[in-house]
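Two complexes, one shared chain (chain A), two partners (chain B, chain C).
What follows is the complex of A and B.
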């Protein structure tokens, strides 16, 4: 038994070493950084320890803006993208002709580069001296005055960011849900059909519970992914996100480290720890809720 | 509810180039009486499950008509047929409790048909008590044994008082002992409710033991329908004769000549069939040891309590060796390796060598 144990540790060692070096150690370091006041990279010194970094970050208007943006993004994009993905995959499952073609089309955004997609969104939404953008062109037909989606009012920018995020994250969800739906046995649908079950009831009482583990997985990873949003905002609004009022928490962390106003690892660490706490809380809430509604067979 | 199948045919389109379309059910005509327990019997791939799916509406026939009573339901979708179906693997919803599973069909009802909550609870209880699972209502299907799941599936199919009840291989997922018990149970429940019931099976013993009538199918064709004993005692063709009975019927190459039936060159019975080569099928219990002219070589004697089974061979038998079942009392008549048998005329059937059709004739000592 003892000998076997040694072997097990030997096999685990490579992964443990790398995880320890690049995951566990940095994670602990972030917590330490976040408690060291006035840490200086060059001299590797700090004035002392305490909660000042957190207090600074929580009073920083840029951080509060980033917090608000992130929460709006999460609360809109996660439910909308998951719901839409569910509808699309159920739709895909119920058609026979051209299913593969549609599946490919829906999956395309996933294999497309984020920044390239950002460029397409620019063409769709950006207002330049030469053109109002494609969306404004269409809105114009309905008599709506042109809106500056990229450099205009806050709600317009947020709308574009949400649309963009939904568009980017949905293909993966469609793919996963399609395979989950395919794994539900036809017998259940046959039984429901013979019992005269209306379509909507089949969907809510059979389809959704049967794929609930997959749905739950998508919701949890969706929340975590959306809280970590950053590159999407950069793709749309450039690197100076604070000026555009479109910064996210991860963007704030980046700015505090490397941005024009950067060089504050302590503040960055504090913001990162706050993000960690938020994600942990939300995930725990998800897990508690899921106990009642997710059915593992 | 009387059910009438009129020239029902189901053809599946060809899969891939160069393949022929498959006719799973071919010109099937049958009348199922009200309150009858009918078994569709046949080897796998004979179209019995397809017939069941045509009855419940999961498949639409390519041609022919289907009536429930006087209603033409050929085009009626499954939702509106009011049939109860028990699937081979039960198809119980795993995320719902037993009680919710049984209540599910009731909750689908709309308008004035929809029972109140109280009525639903009563009906669920009634159905659960009928199949004797009253104590299991709070459990999930995964916490039940195979036999219990089977009962839940039957309760779910019965709770809405279906016009007909369909069971697809209801016993195939149960172990041998449970199978015996459950088939009695199905018979009891069917009697208690009086619902016209059709069940599909490939197990002839299962079909013979509980059904009012059996329908023997092969390659989508109805070969014979009738009361189990009648079909056993009077098979329409060689396939039916071979399919029913354990141990299976023994077939020999025989000749009819001058009003006599010859086996191994010896006249064994008188026979009024036209002269020629025939297939002679004899039930294992149709042999009388020590009394006749049919001489066989006994290889082995197997005592199985009530009966004794002789493993014999003879030149005119179509296979390796065949089984003869005799009374244990007759065992002393079997001495040595060569035994002469007399034949019981009622257990001997003649079939055409080419077509396998029955040659009806009078056989005698």
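What follows is the complex of A and C.
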């Protein structure tokens, strides 16, 4: 017995070393960092403990801009992508022909490099002196004057960011919803058919309640993912997101840590802790709401 | 009596459904079409089109030559392949061993430790990246493969997934092997790993996708072009390289970066989709 105990720890050792060094220790350290005032990277000293870092971050116009951008992004992309994914999955579930082909195509954005494909979105939307770009060409058919979506007005940049984010997150949602729909028992639909229940009623009274745990899971992961948005914005607007007014909370953390504006791990930590607090709060609210509305069989 | 209008409504419904599905399919595929198309247009042809053309009659491969010669794109590929292979390999070793201990071996505090490890799944990487950056800087590992790889190795979720799978293997097999005098390690290697091969393949592919596309950590840790991965490389190329003026060249690089994973996806389509449905997160 004794010998076996030792052996178990031997098998666990690599995982525990990695988790301890790169996950548990940093987790504790980030809270300490966020409370150390005037931390100096070079000498690794600080002059005191307190909430100054949080106060600095919360008064920094760049952070407030990032906060605003992130909230707009979350409030638009989560409902739109979840709704659209539901629509497409229900469509997919109702057909037999070409279903595999559609599923394969819809999944493609998941396996592509966010940074690389973002550049394609950039050139599709960009207006340069040489060309108005493809999207403006299409808008032109409807009599809309060319808009610079990449370097132009705030709402236009936000629109592209939302569209690209939705394009990126759809594969996961469609895939998960399609498998949830496939697992709803056919008996319920048969019973509804015998009763002559209208289709819309079948959808709201059978389909949605049956897949509500999955929908709810997607909404939570959607919120968490959208709050952590960053690479999508870099792909579209470049690494200097503050200049483009398109920074996100995560982007702010990295800018504080690294690059031309970097070297402030304390501010970065404070911003990361604030992000964590926001995500945790939203997740808790979601959990409370779900108690009332989600049907667990 | 009302069979006919019903069938008509049915057909109309089907048409609308297919129209919707095709429309979304086109929206998904169009960016891919556009990047391939643009990469095949010559530099002068592309810049001469004030109204972008939807096709090209004189495709050229010169942009691919530019992409691979004007910047060390090939080096970025090699770096990314090394990073992906080593990270995934280490992840597999660490995960298989830990999952084995959690599913098969007995030791005091096992349940408590497993609960703690599961709780770690909820920690966002943004929270730990700051200290990891400081750690790697302190250890002088910036601009090294060790600095890139080590913090990217562990994935708690994969330990959980594999442990669940290992636990489904009946105990009788283990006791039978014990009677035969098989060592734990041999049992793990000869019995458990082959039985759970599908799960192991799934987590391998998911990790490969994650590594190939990772951007944030590689950008923080490596600022010398010798250690750029493809994501960092393409961003650098766009901001400071020829990408600023040579859009077709940049698109050729984008196509080159996307192709390996798309090929992998088409080969392992079913496995990847099943794996992501079980445990992917991106959204």
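As a convention for this text, the second predicted complex is superposed on the first by the 279 of 297 C-alpha atoms of A that agree within 3 Å, B and C clash if a C-alpha of one lies under 4 Å from a C-alpha of the other, contacts with A are read in each partner's own complex, and residues count from 1 in each chain.
Methods note: contacts are C-beta pairs under 8 Å (C-beta built on N, C-alpha and C of every residue); 3 or more make two chains touch, one makes a residue touch a chain.
Values in this document were obtained by computation on a predicted structure and should not be read as measured data.
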Partners on chain A (chain B, chain C) - clash or fit | fit
With the two structures laid over each other on chain A, which partner does A:15 touch: chain B (first), chain C (second), both, or neither?
-> second
Touching A:52, do we find chain B (first), chain C (second), both, or neither?
-> neither
Would you check which partner chain A:190 touches, where first means chain B only, second means chain C only, and both and neither mean what they say?
-> first
Angle at chain A, chain B to chain C, CA centres, as a multiple of 10°?
-> 80
Mind working out whether A:102 is in touch with chain B, chain C, both or neither, as first, second, both or neither?
-> second
In the superposed arrangement, which partner chain does A:198 touch: chain B (first), chain C (second), both, or neither?
-> first
Please work out whether A:210 is in contact with chain B alone, chain C alone, both, or neither, and reply first, second, both or neither.
-> first
In the overlay, answer first, second, both or neither for which of chain B and chain C A:295 touches.
-> first
In the overlay, work out which of chain B or chain C sits against more residues of chain A.
-> C
Is A:116 in contact with chain B, with chain C, with both, or with neither (first, second, both, neither)?
-> second
Could you grab the smallest C-alpha gap between chain B and chain C in the overlay, to the nearest Å?
-> 5
As the complex stands, chain B meets chain A at residues 56-58, 77-85, 87, 89, 91, 93-95, 104-105, 107-109, 142, 156, 160
Chain A-facing residues of chain C, complex = 14, 17-18, 20-21, 24-25, 27-29, 31-32, 34-35, 38, 47, 49-52, 93-95, 97-98, 100-102, 105-108, 110, 113, 117, 120, 123-124, 126-135, 150-151, 153-154, 156, 159, 184, 209, 212-213, 215-216, 219-220, 230-231, 234-235, 238-239, 243, 247, 250-251, 253-254, 257-258, 261-262, 264-266, 269, 272-273, 276-277, 280-283
Touching residues (chain side chain A, partner chain B) in the complex = 185, 187-188, 190-198, 201, 205-206, 209-210, 212, 295, 297
Contact footprint of chain C on chain A as seen in their complex | 4-5, 7-9, 11-12, 14-16, 18-19, 21-27, 29-30, 33, 41, 81, 84, 87-88, 91-92, 94-95, 98, 102-117, 119-121, 123-124, 130-134, 137, 167-173, 175-176, 179, 218, 221-222, 224-225, 228, 230-231, 234-235, 238-239, 250, 253-254, 257-258, 265, 268-269, 272-273, 275-276, 279
